[in-house]
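Listed below are the structures to be examined.
Both complexes below contain chain A, partnered by chain B and then by chain C.
Right after this comes the complex of A and B.
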């Protein structure tokens, strides 16, 4: 039983955590793609920027969290979301909008977003340094919940930390909120119309500039959430950019680009695939070793890839999906 | 609107016959800059700078083929450069007797044979439907076989490589001349490009950027963590030069010899590309770039041409990466950075003029000089700012000021990319499009 608890801790919990983070990130990427038709490479650095804002705000108001009984970074998150959303809109106005007005090819927008990535990286690392930092400052501690398993043979508890619980709750809130927004509000319907056919949307009186701005606000806010929760779960690392970008794109493509619900599913697919691939299967096989023939010796390390090659997993998923089903699992609108 | 047709636009009509004023001015300025660097920094340093700039020019030519000729965006130049560097290291470093004298080579060979056998078995399983097995069952069998065999083979390889690492350090090189490493590096980079191109080139252009970005990080992770093959972070040095080294000729002369070798390479590549660009093949490539649908309607095999172009660019990147690694005489997997080996090359191409080989070479040398000179400048500015902050406001500068100051260059590169795309998408020396009639 201990092995099963180990499996739950290392795969189910960890996979849900990474899956949620990738899902929130991939929603932003896929929304930008469906409205503006380009792969936004600066998304991972927008996440880092949001986290950096949380870090600064936490440094500025260290005791704010104690008053409400939540970690200070979580209390500061809404403000950081607003700041990141403003940054996203500002970046669009300064760098993407002129290019769009010129009617450039989507690939030029991709290169421009790589330029924006570098600018954000430069600014963040100039001020935050390149080392990793803990978001839990001022004596706050990560709450750890140990859930005892109601079985005789299980000695170890299932471990869930406070930021992970908050992450699950926030993911559900984001998904439900996005669903209601896209299906029930006027603005959400206009967004879907524009993603279906921008010219027709414009012709029927939808203010496309407005929709673009709203998309950036949503993408920026979600990026801040994803980045902050990732950093709360581990630490704030300013140089994570390209390592986050690949799984997020893989998630968006697996779900079908331009398909928000697909992006959520894709995020969990990629997250679980990563944790399953680095999990050492020997742990699960050892208790049942007596069932195998004697000549079959189970090696000590039976993980598919080492943790240092984790980035291979999203790439492999990306390649597989591009080969077999380029439209994604849920048939994205555009490829 | 109607005036547009009657007006003869000078930049498009009969452009090649005009006096190359812009080229002469720009290259003159570049010459002055190079001479200035020679005067200030000394000959040995400046020659080193020129050799590195020449290696970067080869990389930039590779990227200008992909981006300028065909409009394919490769965001993972670093991966192909690192692959070229690795091949050069592997082929040119002397033999490691601690490895070859033991039974380890045999074991490694056996493990590799098992890998080959496993691949063959899985490949055979994917063809089972020819024998009448239903397709779904075939897919299931193939996937299960692949997973099981992969686990068997990978644990075998882990055993052998761990043994090599603990007993011999790393497997060493093959002791061949450096140029053979460049050729193999180019071939391997081309093969990888073929693999990526086959998957991505038929799809949206964004996917190629995502996939190349990913493969570059994977190659770096592999080279960094395979201590048995590359010594990982411990780095391998010295790598032999194809020309007489500094110990026989002295720094300046040896570097000058290396520079002439790279210059000859650039000249050959430039000549061949020039011929290809003006040949019917080059016209076809540009037609595909400018209007894919009409090119397809003319019966051109678009995906095949795209694959050719992509592989050709990757080969050049592999060769350039090999030349760079040989010259630095050290193979350090951690030294391959997206900024230095992908985005710097990108800036060289889009600033110099994508699709214009001369412009690309100009961009490579000019940007590399600016890049090198910006390092002391950034440090100087940052220390100045820190001193002012300390003196006037009592601000205490953080400890890692130098590593932070260099991040300012990242910002400048990013800003440069966005500004060039916005205001000078053609680059300083635009591609000359010849219009007939």
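Right after this comes the complex of A and C.
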């Protein structure tokens, strides 16, 4: 039973955490693609920026969370989401909108977003330094929940932390909220309409500039959530985006670019794939070792790839999916 | 004062003029039909009216007010509807959502106009929860026209509404166009099926090389041997 608990802790919980973060990030990438038709490489840095805002706000109002019984960074998250959304809209106005007005090719937009990536990273490093920082300031403790398994043989508990629980809840809220927004509201439907056929959307009287701004607000807000919860789970680093960029793009493409539900599915596929790839299968095999012939010894570490090579997993998934199903799991728009 | 009037319109894409002085005028109770050979600038004229390309010279008036070079969303607000020839539905949205988008600027209208459009195109009611991309060509055209009608336009521009449709559907669409017009919406449409279209036209405009060649009533153009010889295939 302990092996099962180990599996739950290291694969189910860890995979859901990674998957949720990738999913929330990938939704933003896919929405931006479906509305503006370009791959927004600076998206991961918007996540970092959102987290950085949370860090600043937490430093400014330490102990604010104690009053409501939540970690201070979580209390500061809504404000950071607003700031990140403003940043996203501002970046669009300053850098992407003039290019769009000239009717440039999507590749030009992609390159511009690379420029924005470097700029944002520079700004964040300038103020936050290059080291990693804990979002939990001194005096606040990361709550850890140990859930005992109701079986005789299980001695170890299932472990989840408070930020992980908040992450799961927020992911559900985001997904349900996005679904309702896209299918039930006038603005959400207009967004889908613009993604389908921008010319006809304009001919219907939809103000496409307005839709673009709404897209940035949603993408920015979600980016702040994903970045902050990742940093709460581990720590804040200015180069966080390098580890996020590839997986969230892989997730968006795996799910079918431009398809929000695909992005969610893709996020979890990539998240679980990463976790399963670095999982040490020896633990699960050890109890059944007596079934194997004596000469077959189970190695101490039987993972598909070492933890340090985790980043190759999204690449692999990406290539495999694109070979097997070029438009992604859900039928997305082919780039 | 005509509902929609164009005077000496010049325009085109990227500095190359396709329209070299087009005049047109229709009243609210009229169906106007633009015919002419390929490349005559028929669809371009419609796009110029709807603000999709720059008018370099001349003017376009809606109820006497100049509207040339206004963006499409402003024109929708002023009571103009446009149904493009291709890509005229939102394929992944349901039929109902497509129609709702037509009334985007008039959300208060949605319920009333939905009922109206369903009454007008009964097949759409049965398919209202299906993505528009799954419909047949004729039904798609109904969705496209329904979407434009949702905003309660005073004038409707139709770009080849019967292109690629079977003769059965073609007659159905022309019937609907007449009914829409009878309900008080001025119509200006571009048509390849020139004979059938001119038969329902109050005004006909025969364009060639971006200029008016003949302008008369539909019946008169059909009867004109010269028009028949050069433009209607004998």
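Heads up, the rule we're going with is that the second predicted complex is superposed on the first by the 333 of 335 C-alpha atoms of A that agree within 3 Å, B and C clash if a C-alpha of one lies under 4 Å from a C-alpha of the other, contacts with A are read in each partner's own complex, and residues count from 1 in each chain.
By definition in this document, contacts are C-beta pairs under 8 Å (C-beta built on N, C-alpha and C of every residue); 3 or more make two chains touch, one makes a residue touch a chain.
These figures come from a predicted structure and were not determined experimentally.
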Item to check | First, second, both or neither for A:265, with chain B first and chain C second | outcome: neither
* In the superposed arrangement, does A:226 touch chain B (first), chain C (second), both or neither? -> neither
Between chain B and chain C, whom does A:104 touch in the aligned arrangement: first, second, both, or neither? first
Q) Which partner does A:192 contact after superposing on A: first (chain B), second (chain C), both, neither? A) second
Scan A:75 for contacts with chain B and chain C and give back first, second, both or neither. neither
Between chain B and chain C, more residues of chain A are touched by B
* Could you look at A:200 and tell me whether it touches chain B, chain C, both or neither (first, second, both, neither)? => second
Report task. For A:317, select first, second, both or neither according to whether it touches chain B, chain C, the two together, or no partner. Result -> neither
In the complex, the residues of chain B that touch chain A are 71, 73, 75, 150-151, 154-155, 158-159, 199-200, 203-207, 209-211, 213-215, 217-218, 221-222, 224-225, 338-339, 343, 346, 350, 398, 400, 403-405, 407-418, 421-422, 425
The answer for chain C against chain A in the complex is residues 50, 52, 71-73, 76-77, 82, 84, 87-93, 97-98, 100-102, 104-105, 107, 147, 151
The chain A residues in contact with chain B across the complex are 38-39, 41, 95, 98-99, 104-108, 110-112, 114-123, 125-127, 129-131, 242-243, 245-246, 249, 253, 281, 299, 301-302, 304, 306, 308-309, 311-312, 314-315, 318-319, 322-323, 326, 334-335
Note: in the complex, chain A contacts chain C through residues 186, 189-190, 192-193, 195-197, 199-207
